[in-house]
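For reference, the structure I am asking about is given below.
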Amino acid sequence: MNLDFTPEEEAFRERARTWLAENLPSEDRPAMGQPMREFDLAWQRTLFEGGWAGINWPVEFGGQGLSDIQQMIWYEEFAKADPPFSLNNSCTFVGNNHGGPTLIACGSDDQKATHLPRILRGEAVWCQGFSEPGAGSDLASLSCRAEIDGDELIVTGQKIWTSYADVADYQELLVRTDPQAPKHKGISWVICDMRTPGIDIRPIETMAHTTDFAEVFYDEVRIPLSNVVGQLNDGWRVAMSTLSFERGTAFMADQVELAKVVENLIHEARTRTGADGKRPVIADDELARRLANCRAEVAALRAMTIAGISRTRRSGIPGPEASMIRLFHGELHQRVYRLALDVIGADAFRLTGVDGDGVWTGPYLQSFAYTIGGGTTDIQRNIVAERVLGLPRVK
Amino acid sequence: MDLLPTPEQEEIIESIRSVLADHHTIGEPASDTLWQAAAAQGWFGLGVPEASGGVGYSVVEEALLAIELGRVAVPGPFLGTILAAHTADATIRESVIGGTSPVALAEAEGDEGGLRVFDATDGGLALRLDDHSLVRLTGLSDEPSLDPLIRLSLSSGEAVASGLDPRRTSVLIAGVLAGIAAAVAEQSVSYGKDREQFGVPIGSFQAIKHRCADMAVRAEAATTQVHYAALALRDATTDADFHVEAAAVIAARAAIDNAEINIQNHGGIGFTLEHSAHRYVTRARVLAAVAGGLRRHQVDLLAANL
Amino acid sequence: MNLDFTPEEEAFRERARTWLAENLPSEDRPAMGQPMREFDLAWQRTLFEGGWAGINWPVEFGGQGLSDIQQMIWYEEFAKADPPFSLNNSCTFVGNNHGGPTLIACGSDDQKATHLPRILRGEAVWCQGFSEPGAGSDLASLSCRAEIDGDELIVTGQKIWTSYADVADYQELLVRTDPQAPKHKGISWVICDMRTPGIDIRPIETMAHTTDFAEVFYDEVRIPLSNVVGQLNDGWRVAMSTLSFERGTAFMADQVELAKVVENLIHEARTRTGADGKRPVIADDELARRLANCRAEVAALRAMTIAGISRTRRSGIPGPEASMIRLFHGELHQRVYRLALDVIGADAFRLTGVDGDGVWTGPYLQSFAYTIGGGTTDIQRNIVAERVLGLPRVK
Amino acid sequence: MDLLPTPEQEEIIESIRSVLADHHTIGEPASDTLWQAAAAQGWFGLGVPEASGGVGYSVVEEALLAIELGRVAVPGPFLGTILAAHTADATIRESVIGGTSPVALAEAEGDEGGLRVFDATDGGLALRLDDHSLVRLTGLSDEPSLDPLIRLSLSSGEAVASGLDPRRTSVLIAGVLAGIAAAVAEQSVSYGKDREQFGVPIGSFQAIKHRCADMAVRAEAATTQVHYAALALRDATTDADFHVEAAAVIAARAAIDNAEINIQNHGGIGFTLEHSAHRYVTRARVLAAVAGGLRRHQVDLLAANL
């Protein structure tokens, strides 16, 4: 048990800080479409050239081969550098944090060689194709069908909640390749080229007035069998390996950023005049206590994250305890933005974008996604109760 | 003593629901035909004495109307218009009741005498929630609105009448909020019955089931207290102020809590712009906070001597 | 929809107020045992002689034949009269509010004639024998066995959470008379004379340091078959009729008293100096808001109670909506006493009794019973969700 | 950077648990044999340098001990004694570490210089949580205590030493509270697995299951932050004060919430005096509120500049 950073970690932090100060873009990130894609890929290329791409990816796949602690240090320095965009809000997220890691864990040599360098170099955008209208919390009941025809799969069906589908080159796609098998046993994980004929993308506008999400329709889309990752019909296991990565460091950036949001909110409460026109907002006992609680909670969230890294370091893979961090973070994120609305008073009537400075209502609306996306908090609680605490699954 | 609607009140509710069903779809902007139907049905003078050109019912029936408006998240300056119809100025009153002078809601903005206006009409009237006067709006400039179906503007205003009863305002806003709380409770229950995951309706899972039960309790508490407060106000009981403040507090909290939980119960679909769930969240947030809202009502409620 | 009391109701209130001022005992209620029984029965006799026993019981059974509204008026006047004891905290509660009403609904003429007058006149104390160690939330799984032997039942088994068992004359007892039948179908509701040989009573001390509860053990206890209320093996339906009464007015006294508790707490917060040694507690924004919320909630609780009475008046029996009132009240009761602990500061360290003036910690400890007894809030939520809202029961 | 106990720390924890298991039953009053075993094991000087007569570990190991004391709701003046062992007064220190001078916790009571004392020994010492001095107690009079296993007294006190580190006090109290939060989470989980209703373990119902998950998260957050804060304090990092306050806030809330919910999860049996569930509620309530407790920590945490 120690809080010490190794000399190597300290040096890494110093290098990161210096490099970020010199290389962070100062212009705003375009909100959508090709300009956004170009912006995100340009930043990924800059990272790659600077030696910051794939920080905790193995060296053999072009990564930096560094530790999860260094990954966390990077996120912390990134947040401190006051960037004009959020870390996870990038169309490179799925490639870096889902698709890439899944290929590293389960892909063939050929798949790795083809895709991993392009992800790191900012040459390809990946998106996710897991959820379906009828398969949300119950993901394993997905029905998007893939029939084998020679050395190809023919995919017909629908996916939903696919972020950045419109600008993606590839998709990590879960399809049902054996409709007769039990529901977890007939699924395959395939790499889908998003430019294949038969794919139709329809944007979904969200309550936060963003259009990152899309529905994706597949009408006899042909995918080479060689694009199956892992074994045919073994896609559930492959997808779970991504999920275990998700429970590890994939959302660490969000957690680090939330600490910054809480500090910004405390600053807001200190400098803004309250409803009585005299005292600062922070003089309100209730708001002050809620702010203090949030401050304590982001500190604890960081401690839990570090404990999780410590555990992973010993066991080799992230344990189910990490689902406690996701649950805690999702609800805390929402709590912070609800508090923000109470802090800003009449400014709550004014709608803002999700990104940007000094704004709260857009991120408040966006915060509803944090207890839904990637498994609702109901599902997270089930996972914690059943896999961590060992409570029975029946009923 | 009886807290259920009379058969006549049931008929009023049914009639309001039928007009709303014919002329409004949740999530759509305000429609002229709804406005005209409302005027024709006498909604804007529902609680105004017949001698003053109204329909002759009371604040109780206005509260029932407000609840229905909340249930379907009606956009447009309905509330301000219903409230302004009680002005002593006969000329203004006539045009307000007739629906030709829609009345927005407004509150002070900044220190320079400016106004923040909700559902403004250019050159139209607004009810100031801070001093209970009617003003004519000039120099409107629009702002992006948390609830895009509520037009949000900055403006100047010139007083044209005063002396409206703040308690009527509070009880009708509480009515809209109670309607929101009830509507989203029903939305969650309905989705819980229809949506299947893991081979069963999601409403069979205790997590959903218990959230629905809590939502129903909050909605029932808010609605019943709004009924009680409106009756107390109509009858000018000695504890009317207290019951109006209690209704304002309980309805604001019920609306926000239920509307936010309703999104969660719907999962991804509840997060889309297309689904109406978020309409209730933003509307509840605005109506619960306007002119100090919940916080102000909590202070006033606690200060009341019983 | 109206708030008007009829002239008859107004006169009733006036009479109640006057009578209470003249007849309410001024001495404290003994905490336990025979002195407590004598105190409670004496008060019941005083009520009977004054014409206040069985206010909403039918006249033919010795009641006053009055309305639920008058019952509520009585509770309100009782609370206003600042009595030295709580209404429901009496060993006459079960007779007046469970046993008696069940006999009225389902008892034989003979059973009614024997027991109802004695309950109203303060001559007999009743207790309840429903729960068992293995049958709490799942009451219908009870296993206390009763075998028929001639014209008697022979009862062997155990009950738990029986209030006032040590001072009771009779018990409303649920026993399994047909172990082969489905669990709801083999139960009978019987009147058990608590002085019958074979009954062993062991007190249970609670976390609030009261000893009202007991475990009751039955070792071949003989009960005449004529004591079965309703039909043999139809006890579940009989018990549910009690339950529907419980959902009606049985707990109205608690609800009325809670309004008074909130006012007392507001008074406490106005007159007590806060942690800073200067401002009154009520100047604290957070505590003030929570107090305001509780005040609004007890107002709404009363409105819901009146709406429930209005509904019962139309339909004849209390509907399942009344379970919403129980759920709301139980949690509100607890919330009020948690708030009380925050209001009283360092006085929270000092333990007090459950009854008495100006005290909060005993009732705080007691408040945990309000979301457990008579069906936990989990069960109440199931009832609201399934019977009021129509959500599916499976799983 | 690593936040899991080292093998040596695991051994310390195991040893503490084994002593507690041998000499203490939850709900029983303080036992002399436990006190003697604790002294013999060096618990009272665990974090005191060897040069000062202690075992030579640090506040980190003291925090691990505090967590274990919280987990089994140990009665008696353990905390005050562990804290007072850091006094600069060598004579007092020696008797404190040796276990012959148990040290109560105290705070100001009223305006007359009186004290409210927890776990007092007649004529013994107490650590004042308001000014971090050590006092000798005189004129004790007992009061009924919310936690009957914590003796509650009013007293006078005469200062005998000062200058104890309030941050160590905060982090160890937070440790006890985190231990309570963790113990009751485990109690609920265990009951959820064992207790059957409706033919299945009650832990298979989502209502119980999800409450257990939330309890586990709160306990994990509190425990981990206590670990972090103790490390920061040991290493005298620049943000040590902040992390100690954060630990105090999160542990107090986790302990109260978890302990209260634990009663609910147990139903009737959790309401009995015999069951240990209420022991955690009253202990958490006392430790979270003593000397301003949670409220004071919230103020200090928010005032910290990061």
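Note that the chains take the letters A, B, C and D in the order they are written out, and that residue 1 is the start of every chain.
Everything below uses one rule, namely that contacts are C-beta pairs under 8 Å (C-beta built on N, C-alpha and C of every residue); 3 or more make two chains touch, one makes a residue touch a chain.
Note that the structure is predicted; figures quoted are calculated from it, not measured.
> To get from subunit B to subunit D along touching chains, fewest steps?
So the least number of steps between the two chains is 1.
> State, to the nearest whole Å, the distance from the C-alpha centre of subunit B to the C-alpha centre of subunit C.
Going by mean C-alpha positions, subunit B sits 38 Å from subunit C.
> Whole-Å distance, subunit A centre to subunit C centre, using C-alpha means?
The mean C-alpha positions of subunit A and subunit C differ by 52 Å.
> Where in subunit B do residues touch two or more of the other chains?
If we look for residues of subunit B contacting two or more partner chains, we find 205-208, 210, 295.
> Where does subunit A touch two or more other chains at once, residue-wise?
Correct list: 289, 378, 381, 395.
> Which word fits how the chains touch one another: line, ring, star, complete or other?
Graph shape here is complete: every pair of chains touches.
> Using the touch definition up top, name the residues of subunit A that touch subunit D in the complex.
Subunit A reaches subunit D through residues 1-5, 9, 69, 263, 266, 282, 288-289, 291-293, 295-297, 299-304, 306-307, 309-311, 313-314, 321, 324, 327-328, 378, 380-382, 384-386, 388-395.
> Write out the stretch or stretches of subunit C touching subunit A in their complex.
So the residues of subunit C in touch with subunit A come to 284-287, 289, 395.
> Can you name the residues of subunit B that touch subunit C in the complex?
Against subunit C, subunit B makes touches at 1-6, 9, 60, 189, 192-193, 200-201, 203-206, 208-210, 212-214, 216-217, 220-222, 224-225, 227-228, 231-232, 235, 237, 242-243, 245-247, 249-250, 253, 295, 297-299, 301-302, 306.
> Flag every residue of subunit B that touches subunit A in the complex, lowest number first.
Residues of subunit B touching subunit A: 107, 109, 116, 118, 143-146, 148, 152, 196-199, 202, 205, 207-208, 260, 263-264, 267-268, 270-275, 277-278, 281-282, 285-286, 289-290, 292, 295-296.
> Which stretch or stretches of subunit D touch subunit B in the complex?
205-207, 210
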